[in-house]
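A, B, C, D, E and F label the chains in the order they appear, each numbered from 1.
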Amino acid sequence: MTAPDINSPAEQERYERGLEVLATVDGGSAPAVMDSLADVAPALAHHIVAFGFGDIYARPGLDPKQRQLVTLGILTALGGCEPQLEVHLKTALNVGLTPTEIVESLTHAAGYCGFPRALNAVTVAKKVFAERDLLPIAT
Amino acid sequence: MTAPDINSPAEQERYERGLEVLATVDGGSAPAVMDSLADVAPALAHHIVAFGFGDIYARPGLDPKQRQLVTLGILTALGGCEPQLEVHLKTALNVGLTPTEIVESLTHAAGYCGFPRALNAVTVAKKVFAERDLLPIAT
Amino acid sequence: MTAPDINSPAEQERYERGLEVLATVDGGSAPAVMDSLADVAPALAHHIVAFGFGDIYARPGLDPKQRQLVTLGILTALGGCEPQLEVHLKTALNVGLTPTEIVESLTHAAGYCGFPRALNAVTVAKKVFAERDLLPIAT
Amino acid sequence: MTAPDINSPAEQERYERGLEVLATVDGGSAPAVMDSLADVAPALAHHIVAFGFGDIYARPGLDPKQRQLVTLGILTALGGCEPQLEVHLKTALNVGLTPTEIVESLTHAAGYCGFPRALNAVTVAKKVFAERDLLPIAT
Amino acid sequence: MTAPDINSPAEQERYERGLEVLATVDGGSAPAVMDSLADVAPALAHHIVAFGFGDIYARPGLDPKQRQLVTLGILTALGGCEPQLEVHLKTALNVGLTPTEIVESLTHAAGYCGFPRALNAVTVAKKVFAERDLLPIAT
Amino acid sequence: MTAPDINSPAEQERYERGLEVLATVDGGSAPAVMDSLADVAPALAHHIVAFGFGDIYARPGLDPKQRQLVTLGILTALGGCEPQLEVHLKTALNVGLTPTEIVESLTHAAGYCGFPRALNAVTVAKKVFAERDLLPIAT
């Protein structure tokens, strides 16, 4: 019993479904990180898309804004996930969370995982907001 | 320069304000955990209420359902916070998140902090849902 | 674009494949934890089996003993995953790691994630070994 | 019931008190990190000062050297908090911990959270000590 | 090149030295946890004593009270280390930290690693203090 | 009772033994990180070599490839240990793990500690593989 070939038609179909979900939340371009995995960890890239987006993100039960709030909480708490936090902060904006809601989420996080983790997340948010000319945010 | 006495009128006012916020989200009874701190860490209990609820939770920018989604993400990712997760799962229900939304949040978390952390959180959720006769949840 | 129904034929086939993989490493009985999720988080249970075992564990590139060594390292480092560590210590024995190799892995871990995490893992290992009459282990 | 406006007189008074505490331990200049938050997360900056320093740091019960030892332990164990560790290593020196005491704390940490976390903390300490011409440290 | 036998005279001497250090801080009885490791992970037990106490704890540069402050910070931040935290809270009392200093350390920790981790640590502290009739603590 | 002087003959002998072990797995040159510690944390450097390699790594019970699998699992799960992960990915190659086995370990890790931690580890692996002209890896 071995895992399905990620290049099989069935897996490619799962992958395509994930890509479509990803496109609806990341603004139409698959994150560059996926491409960068092609020569080193193609199976990981495949499953992030096929499983992470196609199987999980696309599930009913939570809308994309809710999913991003949970995700921001997780990535802030984990720490050391600045590259992923940057991707998900952009996604958060793409799906309609306002900069104010995003910053409020990170400020809220301080009580649960401490000021240092919250500060690190806000530093990434500032970079993302600056790139989109969203500073200063309304408070 | 020393910190204000937590029994000063100004601090008691801050505490009362936090308690009012807490009462609106926890169903009217301050968590028993606050009482249990009285003889060992009264300042910690004071600041959880005065700062955590009075200063942060009561801020505009996110509604209570959104705050609970962020909090569930954080507590799931941290791990080892089962007592606090239990309190916040109850709060999540109190502020109007459905069991389906809660479980979907924890299922979503698996991709970001792994299956073990998600499983531990679901185990606590099952206990909370069972106490409120909410099982099986709709999916 | 929504996620596939976990009860669809295609997903059930993925699930069955995962169950077969799981059966080869856990000694023939799916962990009770899967059953306990049925009324609270069936999608999480589905994906642990379909994705975790069917898509990942069954991949070539590492044999089961190697996968368990990586897994023991991760669960020891994460901390707070004692229930999952217990399952995976049993799996480690099932796939042929010796008690000595397992304990050596946890002793090795002390240098990388500290004595407390290693001690907690060893405490679970002692329980698993005792249930299988494997104490004292050879050193 | 909403949180107090951080620009209200009462909150500004709390903030000023926190700034005074901060000034006594950071050498007279509020960390630049506070300024960098002004356009993105002013409430977070406010509460780090008003709560973190005014309400907590200024409490009796521990002197600043003791507080910094606890803080160094926490930041080393958390990992991924190098910017905050740099600030707190400088504070540690400011309040009178010697380089030897600081390094001994990080060496001590290795047994509890592993060599990698201790190494990352020492790397930051080396940078801070070098800027102050404190290398080599006495051992 | 293999590691020295932990039963060799040189290693036994290192172990004895660690035991002596341990005895000075834990009140004269080696923690029961060491004995519990004898049939499952004797090398881990050996090195906790020989390395952790004989090589590190006994170093100059920090006194035992300072070491315990660092250790409390680390164990609080790590989470999931309640058994080790209990041992080290007792050690903290043994070496002369007051209950007030200990609780202040855990209250201080809240700002750096969040209220949930601080609450879990205080829960263990309350148990330890109760066993020694130290409640309520002076604040 | 004080810790042994790390410059004593007995400790230097322990250090030399550790260096020999280190040389067999890191390709003959002690990592530069050890040298960089000389003026700031020589005792930490000493014990990483004497204890980490001389006492632990050199123990029987696991071969070097097995130790590296456990280590990769731990460092991936901890997060924020990219410098140490880079060293240990090189060691993994040196002791005979193939790039495919290494990437499979990191892909496997995703299910246990989440995609973000796995992605960060793969990013470091890609850098190490590129330096050794090992891309694209076989899958």
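The working rule: a contact is a pair of C-beta atoms (placed from the backbone, for glycine too) under 8 Å apart; a residue touches a chain by one contact, two chains touch by 3 or more.
Each chain and its UniProt protein: A, B, C, D, E, F = Carboxymuconolactone decarboxylase family protein.
Owing to the predicted nature of the structure, the values given are computational and were not obtained by experimental measurement.
Taken together, chain B and chain D share the touching chains A, C, E, F.
Across A-F and A-C, it is A-F that has more C-beta pairs touching.
Using the average of C-alpha coordinates as each chain's centre, C ends up farthest from chain D. With every chain reduced to the mean of its CA atoms, the largest distance from chain E is reached by A.
Centre-to-centre separation between chain A and chain B, using Cα means, comes to 24 Å. Per-chain CA centroids place chain C at a distance of 30 Å from chain E. The multi-chain contact residues of chain C, meaning those touching 2 or more other chains, are 43, 47, 51-52, 56-57, 59, 74-75, 78-80, 103, 107, 110-117, 139. Taken together, the chain A residues at the contact with chain D in this complex read 79-80, 103, 106-107, 110, 114-120, 122-123, 125-126, 129, 135-137, 139.
For chain D in complex with chain E, the residues that touch the partner chain are 51-52, 56-57, 59, 61-62, 66-67, 69-78, 100-101, 103-105, 107-113, 139.
Note for the complex: chain A touches chain C at residues 1-4, 10, 17, 20-21, 24, 43, 47, 51, 54-60. The touching residues of chain D, counted against chain A in their complex, run 33, 36-44, 47-48, 52, 74-75, 78-81, 83-84.
Chain A contributes residues 110-117 to its touches with chain E in the complex.
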